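Letters are used for the chains, namely A, B, C and D, taken in the order the chains are written, and counting of residues starts over at 1 for each.
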Amino acid sequence: MIHVTIWNEFVHEREQNNLGELIRQFYPIGIHAYLRDALKADDLDIRIASLDEAEQGLPADILNSTDVLVWWGHCAHDKVDNALIDRIQLRVQAGMGLIVLHSGHYSKVFRRMMGTSCRLRWREVGEKERLWVVAGNHPITQGVPETFTLPHSEMYGEPFDIPDDGKLILASWFEGGNVFRSGVTFYRDNGKIFYFSPGHETYPIYHDPNVQRVIANAIRWAAPIQIMPPRTTPRPKADEPISTPNPLAKHDTASIHQKA
Amino acid sequence: MIHVTIWNEFVHEREQNNLGELIRQFYPIGIHAYLRDALKADDLDIRIASLDEAEQGLPADILNSTDVLVWWGHCAHDKVDNALIDRIQLRVQAGMGLIVLHSGHYSKVFRRMMGTSCRLRWREVGEKERLWVVAGNHPITQGVPETFTLPHSEMYGEPFDIPDDGKLILASWFEGGNVFRSGVTFYRDNGKIFYFSPGHETYPIYHDPNVQRVIANAIRWAAPIQIMPPRTTPRPKADEPISTPNPLAKHDTASIHQKA
Amino acid sequence: MIHVTIWNEFVHEREQNNLGELIRQFYPIGIHAYLRDALKADDLDIRIASLDEAEQGLPADILNSTDVLVWWGHCAHDKVDNALIDRIQLRVQAGMGLIVLHSGHYSKVFRRMMGTSCRLRWREVGEKERLWVVAGNHPITQGVPETFTLPHSEMYGEPFDIPDDGKLILASWFEGGNVFRSGVTFYRDNGKIFYFSPGHETYPIYHDPNVQRVIANAIRWAAPIQIMPPRTTPRPKADEPISTPNPLAKHDTASIHQKA
Amino acid sequence: MIHVTIWNEFVHEREQNNLGELIRQFYPIGIHAYLRDALKADDLDIRIASLDEAEQGLPADILNSTDVLVWWGHCAHDKVDNALIDRIQLRVQAGMGLIVLHSGHYSKVFRRMMGTSCRLRWREVGEKERLWVVAGNHPITQGVPETFTLPHSEMYGEPFDIPDDGKLILASWFEGGNVFRSGVTFYRDNGKIFYFSPGHETYPIYHDPNVQRVIANAIRWAAPIQIMPPRTTPRPKADEPISTPNPLAKHDTASIHQKA
């Protein structure tokens, strides 16, 4: 059983304006709740969490029992506490999978894990997006056709500032002339990360069965082999004999060499 | 002319104890000052900076006129302001080179740029370290012999938690039985990063001509082609005609889509 | 069930001299037969094959029903037909896993898959080798201790000419002062490749339970998700409407554009 | 001075049919000769070579004095001798740069250097191609606008079977709905490789100043730091003392351990 937590800032869906009404047509109780229902499966135990909950939805007991965290955020990135980002980063380092969706490219957690600006080009006019499977034998693309379209989407385009070890899984074409690395995997410490760009809130993109399939596959791919306890990093006893002790180290230096 | 700033936390060298006395034998006015003198060259304009100075040594005018930042820190990592790390990260993203030395593997700035824990194994008994050039035709290893030794060194050993796109330039063997990726390059946004592990403060490692050569080469390699202004990321006007406007987007969504 | 074929040039083990006698103490009927027995498991269907057999041990029906090919060769690399290498390469591209052992670093098949010289430093004096797990949460290292030794081994050392996308899984330390990337993975088309350096024929290295565990894990890791049929590469019909036909292409160019 | 050799199979341009006539409008004396003239610069010494010449245009004295080899081929890939590919591969391993253009993706030399099938999707209907600079601070994209178009081009689309360490420099959008990694760099041994996809013979693509700029920049980027002599790979004398000689190795094994 894979323990999944789908986190959503859950702001747009509750706005009291025309836009909020539009979004609620597709996601009446939130993107996170919609995805929970759409991804329901016997091997997945899916919880939802949101920014307005206690400890921003991810108290220690929830986070530390999460195998794969799915992240959706957009207008409230700055409201997420840095201390929570620290804790999520530690959990990914220990082995938790992380699936970052759409505007989450600019979330604190994705930028923390990448080290880069994660900037991209974008435009919202509702143009058509066409996705291509680049890595056809990767677990994430099993059951996904070589190409499929989203009739209306927000354009995300290159240049996309991510590290060079991102493995390209899917790529996107936009009617307005742009291209994008829309599905990319990364390994960070013991954790696996997948960024997947489709998913703008004002279109029913998460209703698309291919999009759902990609996310479902990614969750299973990102599930940890095991959660590793934090390493005790010193290795004070040498494994092989040392014939060159330091003649200068006449003092005890142990006390000043403390590392986390 | 490459504008270099060598930053040092500058704490160990001023400690009033036996250890401080030992370190001052090698670095009487600080590691940063020693390196400035050792690396002196016609094409390098080298400044030094330290934690105790105004704005922790890196006010905007200094940082923004730095082409390559060299970083040495150990016991005061936590004292560096997060806001300074934010500014350094932005500068690297714009194109500034970053050379991280020795215990700087665990600095806030290196961890920020990597996204990983940057943990490693270590031991300090003054054992011998032997370095190997792995990438013999890389600019960083020009003029460096295929193998050379440091008679006394702190052991840094695998596993070293860094991202997979680190290109291996030098590797180290330790008498006590460990191995380490001691010289590794990364590309992040418009900036280049080099991590180089030799350099413990209680040994005269920066007096070694091969170590100096590696650092000097790395500075020239990491110097930016150009500093890129922050990208204006939206691209609102489509480059190609769009025949699929969003029938649902009857409202003006521009005002709510603000990204940095 | 994973269909494994262990291929061995099977020359050293049959030499009629002192060396052959020594090797037969450890591998009386060949390294391939020894590994077959050592790796026996319910989920593995293991066959052996050798250079002296019909079609050099890998006729089409054998190769095309192999999920993972394990390769050991040393003094007879040049005797392997280029046409066989072509067929193996096609099979890897379709999804077959490839485990290359020890001196196989210099085999035609590994060099073909890498594109590089695959050169390394080496020395045979029977020195101690110490291995380190670098990727502790990778499927290949499950159940393997963080470090373990081989009392007598052939030294393989850096620089090792392999492409930059090799993910480091294990690294080796040698008593004589060398270091080596001893376990490295690669993705090539639909196939996975693992190179693992321990395994010199004059020492009982494949008797070591950790070495066996690494190879057994690697076989399961490299097993294909699915074997992909060769792609039909043209995509003559456009997926989106084209308003810019080529005014110059008044002729039929289809007949001259033939690609495999 | 960088010594450049532009190799062209030089077949299409001499065909005695309508197609040949069309191509000669753009390249009257061959693509190689056209590029030689277009790329003329003080720091470049450019020679041309073609398949019909002695030793297929690349005798030892030419190849061994070439710093950067530019390759264009299409319908005659199979006519290039394997022995020549062996020699070119050795030269790249020693440090020669290699620029592979357009249909050269399927040349023997590119496939040899990659180890993969190098397959891609394609279509020739003269549709528009739009290129995007992904790596704006890379030497290859200096002076190139963020996006530019080719009014008529052959479509090359994903999936493109290349190794994972290809660094994405430019990406392409096609009117018919496809995307492609159109500019990608690789490091192999001591050599640098750049693949650049625009350049179909029936359109005047090499007349485009941006295309010329990319190729000119790539030549300078790929020029070797130095050509490295083949490494003498054994390292028989240990660098550190060995206390664990092999008690079994009572014989002289040196004679049987011969590696290239």
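Criterion: a contact is a pair of C-beta atoms (placed from the backbone, for glycine too) under 8 Å apart; a residue touches a chain by one contact, two chains touch by 3 or more.
Since we're looking at a predicted model, the values are computed, not measured.
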item	value
Farthest-lying chain, centroid of Cα atoms versus that of chain D	A
Same-site or different-site touching of chain A by its copy chain B, using the half cut	same
Contact-richer chain pair [B-C vs C-D]	C-D
Where chain B and chain D are represented by their mean Cα positions, the distance between them in whole Å	33
Mean-CA-position distance for chain D and chain C (Å)	27
Distance between the centres, which are taken as Cα means, of chain C and chain B, whole angstrom	36
Contacts with two or more other chains, residues of chain D listed in rising order	128, 130, 136, 147, 157, 159, 164, 167, 173, 175, 177-178, 187, 239-240
Chain B contact footprint on chain C (complex, rising order)	130, 132-136, 146-147, 157-160, 164, 167-168, 171-174, 177-179, 181
Sites on chain B touched by chain D in the complex	95, 128, 130, 136-139, 142, 147, 167, 173, 175, 187, 190, 224-226, 228, 239-240
Chain A to chain B touching residues, read off their complex	18-19, 22, 75, 82, 89, 93, 106, 112-117, 119-128, 151-152, 155, 157, 159, 161, 163-165, 175-178, 186-189, 202-203, 231, 233-240, 242-251, 253-254, 256-260
